[in-house]
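We call the chains A, B and C, going by the order they appear; numbering starts again at 1 in every chain.
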Amino acid sequence: METFLTILLDGLQFSSYLFIVSAGLTIIFGVMKILNVAHGSFYAWGAYTAAFFIGKFSDMGMPDAMGFLIIIAAAIVVGLILGFVIEQGILKYMYHRDEVLIVLATFGLFLVLEDIILIAFGTDPYFAYQPMALLDSVELGGIIRDVYGLTLIAVAALVALGCWYLLNKTKWGTLLKAVIYDREMGISMGINVPLVYTLTFIGGAILGGLGGAYIAPTISVAPGLGTEVIVLSFAVVVVGGMGSIAGAAIGSIIIGILRALAVHELPQVELFVVFAVMAVVLVFRPEGLFAPAKPRKI
Amino acid sequence: MGNNAPILEVRDLLKTFGAVVAAKDINVDISRGEVVGIIGANGAGKTCFVNMVTGYLAPTEGSIKFEGKELVGLETRKITHSGISRSFQVSQVFHSMTVAENLMISIAIANNTAFDALRLMDTPELRQQLDAVLARYKLEAHRDSTVSALAQGVRKLLDIAMAVVSRPRILLLDEPTSGISVEEKFDFMDIVMDALKEDGVTVLFVEHDMEIVARYVSRVLAFYQGEIIADMPPKKALSDKKVQEFVIGKEHHKRKK
Amino acid sequence: MLEDKTSKFVLFGGVLIILAGAFAPNWIVNQFMFGFSRALAIVGLMVLWRTGLVSFGHAFYFGLGAYAVAILDIQLGVTDVFLRLLAGALVAGLAGFLLGFILRNYRDIFFAMLNTAISMVLFGIVVKTESLGSTDGFAISMSTIFGLAPETKYPLFVIITSVGVIAALLVNYYLKTTYGRLTTAIRDNEIRVEYLGFSVAHAIHLKYTISTILAGGAGALMAMSLGQVDPESMINWTVSGELVFVTILSGPGNVIAPFIGSLVFEVLRTYAFELAPQAWQLIMGATFLTIIFFLPGGIWSLLEKLGGRKNGK
C-alpha cells in the first residue's frame, strides 16, 4: 500500500511539472503549428532565474516565503522576454516556411539559449531549497511527503483549470480556438492573427518557465536541464495529441505514472518506457490519444 | 476479347461518405475509341467518379472492369500500369522542377519496371522521347522553365502530357479547360485531342463548358446528385429537358453569379 | 558511372586528400577523420532532405553503428577495420530496413518525431544498462588492418577517406537513376508520383534504408576514430540534431557538399571550443539560424555562386 501511494504521488508530481511545461508546448503547437525545441530552454531559464534569485534573496536575509513570489516573477519575466524576443525577432519571419524548417530554427535557438545560460549562470549547480524547507513535510497514509511536492500537483491543477477556463469561458478562448481549428478561417473572421501568435508564444513560454521555476527548489539546477525536459515534453504531447490541452494532461499523467512505476519497480527501464510509449502511440495512433478536431479540407 | 466488347464496364457503383451519397447506381459501358463528356453541376459526383475509376477512392459497392479486368481494390499506380491515366482539375505537377524534368520523370517511370529504376534515368533514348512529347504538346518553348513560373494553361498542358506518356488506353481528363481563357480554350483542346486521337486513346472528360462538350465529344454522361440522369449524344443531351434543368440550368445560374 | 564532373571531382579530390594526408600534421588528419566519418551520415540525410524528410533521430543508426563496433570488440575481440565497418553498416541498415516499413508512411514532423522516439528508446536502454556501458560507454581497442596494427592514424585516415569516396560515387550514381531522381518529385507532389505509376512508399523505403546504412557506417568509423563510444555523444537526441545541423549547413546540392560541410563543422567546433569553450553551442546555433535564413542552399550554394558555374545534379 505504501509503495503504491509513493508511486502514485511520485508519478503525479512528475506528471505535474511535465504538464505545466507541455501545456505551453502544446498551445504553441496548436495555435502556431510550431514544434518549439527551444521550449526546453524556457524551462531551464525559468529554473535558473528562480534558483539564482531565491539564493540571492535568502543571502540578503529576506524571508524564505519570498521564494514563491520569485518563482512566479521568474516565470513571467523569462516568458515575457524570451517569448517576445524570439517570436518578434525570429519566428515572425518564418511563418510562411516549411514546418520542419521552423523546428530546425528552434533547435538553433535552443543551442544559443543553452549557452547563454552557461555564460550567465556558470556551470556550478544552484540549490534553492528554501521554499521547500519552509513548507516542511506531512505524513500521508503512512509515508512522509514534502508539502512542496504536493503543492506542485495543485499548481498543475490550477494551470489546467486556468487553460480550460481561458479556452472555454472567455472571448479570447473562442478566438484562439477558431485560429487553432483553421487559421484561414480565423483570418477571414477578422482576428488579428499576428497578435494572437505573439501572445500565444509568450503565454506558452511563461508556462515553460513556470515549470522550471517551480521545480527548481526540488532539484539541483545544473546544465543539461533543458535537453532532458524537451524530449520528455515531446513524448507527452505526442502521446496526448499535439495541440490539445486535455491531451497534454492525459499524456503527462500516463508518462509520469509509468516513469514513477519504473523508477520504483524496474529502474533500468525508466527512460526506455517513456519513449517506447511515445513510439507505440506514433505507430498506432499518430494523431495522439486526444487529437484536436481538424477541419475537413476536401 | 473482341474489339467490340466495351473497354470499360461500370456496374452498380455506389460511394457514400457517412450519410452523404456521392455516387449511386452508376452503370455505364464505354467502347474503345469513344470520346465521352461528363457533365453535371458542382458536387454532382463527376470527380468522384474519376477518382473511383483511377483507384484514388475505393467505391463502397460495385465493380469497374477495364478490358475485362476488375479494377476495384487496385492501387492507383497499378491502375496506371494496367492502362488508365488521368489529368487533374488543379494541375498536379512537380512545381519546383522544369517542364523537361517533369516529363523526363514521367517518361522514365512509364518506360521502367521496378529494377530498371536503378539504372541511369537520363539516356539518349529518353531525350528523344522527351523531344517528341514536347513537340506534340507544343511545350518546346517552356522546356527549361520551372513549373511554378508557368501560366495556368501551360501547366494544364503539361499535366495532360504527363498523364499520356504512359500510353494509356483510357484517359480521364478532369476539367481540362478550367482556368484557361476563352480565347485559348479551343486551341488548347485541339492540341490535346489531336494528340490523343493519333494514339487512339479512349477519352472521358469532365467539363463545365458546353461549347467544348458540343465540339469534341461523341457521347454525354450527365450527373446529378451522384447518379447518371442522361446518357446520349451531345446534341440530344444539350436539348434534353432533364439535363437542361439539372445541369445546364445550374451551370448557367452559377456562371451568372 | 564516372563520366560526370562530380564523380571526377570526388575521385581526384579523394586521391589528393589521401596524398596530402601523408604530409599533414596529426591534428589535421584527425579533423579529416572525424569530418569524413560524419559526412557519411550526412550524405544519407541529404538524400532524405531532398525528398522533404528530416529525421530528428538518426543518432539511432549512428549509435547502432558505433556500439556494434564496441560490442564486437569487447565480446569477440574483433579489431579488423573492415569487419567493424561492415558490422556497423549492416546492423544499422537492417534496423533501418525493418523500421522503414513503418517510417515510409510518415511525413513532416511525424517522421521527425517517430525517429526521435526510436532513437531515445535506444538511448534509454543504453544509459541504464551496465553491460552496455551505461553512461560511461566503452573504450575501443585500436583497429587493425588485415591483422596488422598500424603505428600511426594515417592508415585509418586513408580507409575513411576511401570509404567516403566510394559512398559519394555510389550515391551520386543513385541520385541519377529513376529511383534517385524521385526526391524533389516526391517532395513536390506524391499524388502525381503514384499516378505516374511509381510507389512513393517503396521509393522512400529505399532512401531511408540507404540513409541508415550510411549512418551506421558513419557511427562505426567515428567510434574507431575516437577510440570510444558513449551514449551522450553518440545516441542522445542532440546528436541527431547535430547531424541535421550539418546537413543543412552543407546544403542538398551535391554529394560533395556533406564532406565540405562536415569539415567546416569540425573546424568550426574546434575553433569555437578553443576561443570560447562556454559558447561553442551558441556559435553553432547562430550559424544554423543564419544558414536557415540567408543560405537555404547551404555552403554548397555559396561555393556554386563563387565558382560561377552550375554543377550537374
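For the reader, a short list of remarks on this structure follows.
To be clear about the criterion, a residue touches a chain if its C-beta (ideal position, glycine included) is under 8 Å from a C-beta of that chain, and two chains touch if they have at least 3 such contacts.
Just so it is clear, the structure is predicted and the values come from calculations on it, not from any experiment.
Touch-path distance (fewest steps) from subunit A to subunit B is 2. Once CA atoms are averaged chain by chain and compared with the all-protein CA average, the nearest chain turns out to be C. Centre to centre, using the average C-alpha position, subunit A and subunit B are separated by 51 Å.
Centroid to centroid, with C-alpha atoms defining each point, subunit A and subunit C lie 33 Å apart.
As a whole-number value, the distance joining the C-alpha centres of subunit B and subunit C reads 44 Å. Residues of subunit C touching subunit B in their complex: 1, 173-174, 176-182, 184-185, 187-189, 191-199, 202. Taken together, the subunit C residues at the contact with subunit A in this complex read 52, 54, 56, 102, 106, 108-110, 112-114, 116-118, 120-121, 123-125, 127-129, 236-238, 241, 244-245, 248, 278-282, 284-286, 288-289, 292-293. Interface residues of subunit B, counted against subunit C in their complex, comprise 54, 56, 75-77, 80-81, 85-86, 92-97, 104-106, 108-110, 112, 114, 116-122, 162-163, 166.
Residues 35, 37, 90, 93, 98-101, 103-105, 107-116, 118-119, 123, 227, 231, 234-235, 238, 267-276, 278-279, 282-283, 286 of subunit A are the ones that touch subunit C when the two sit in their complex.
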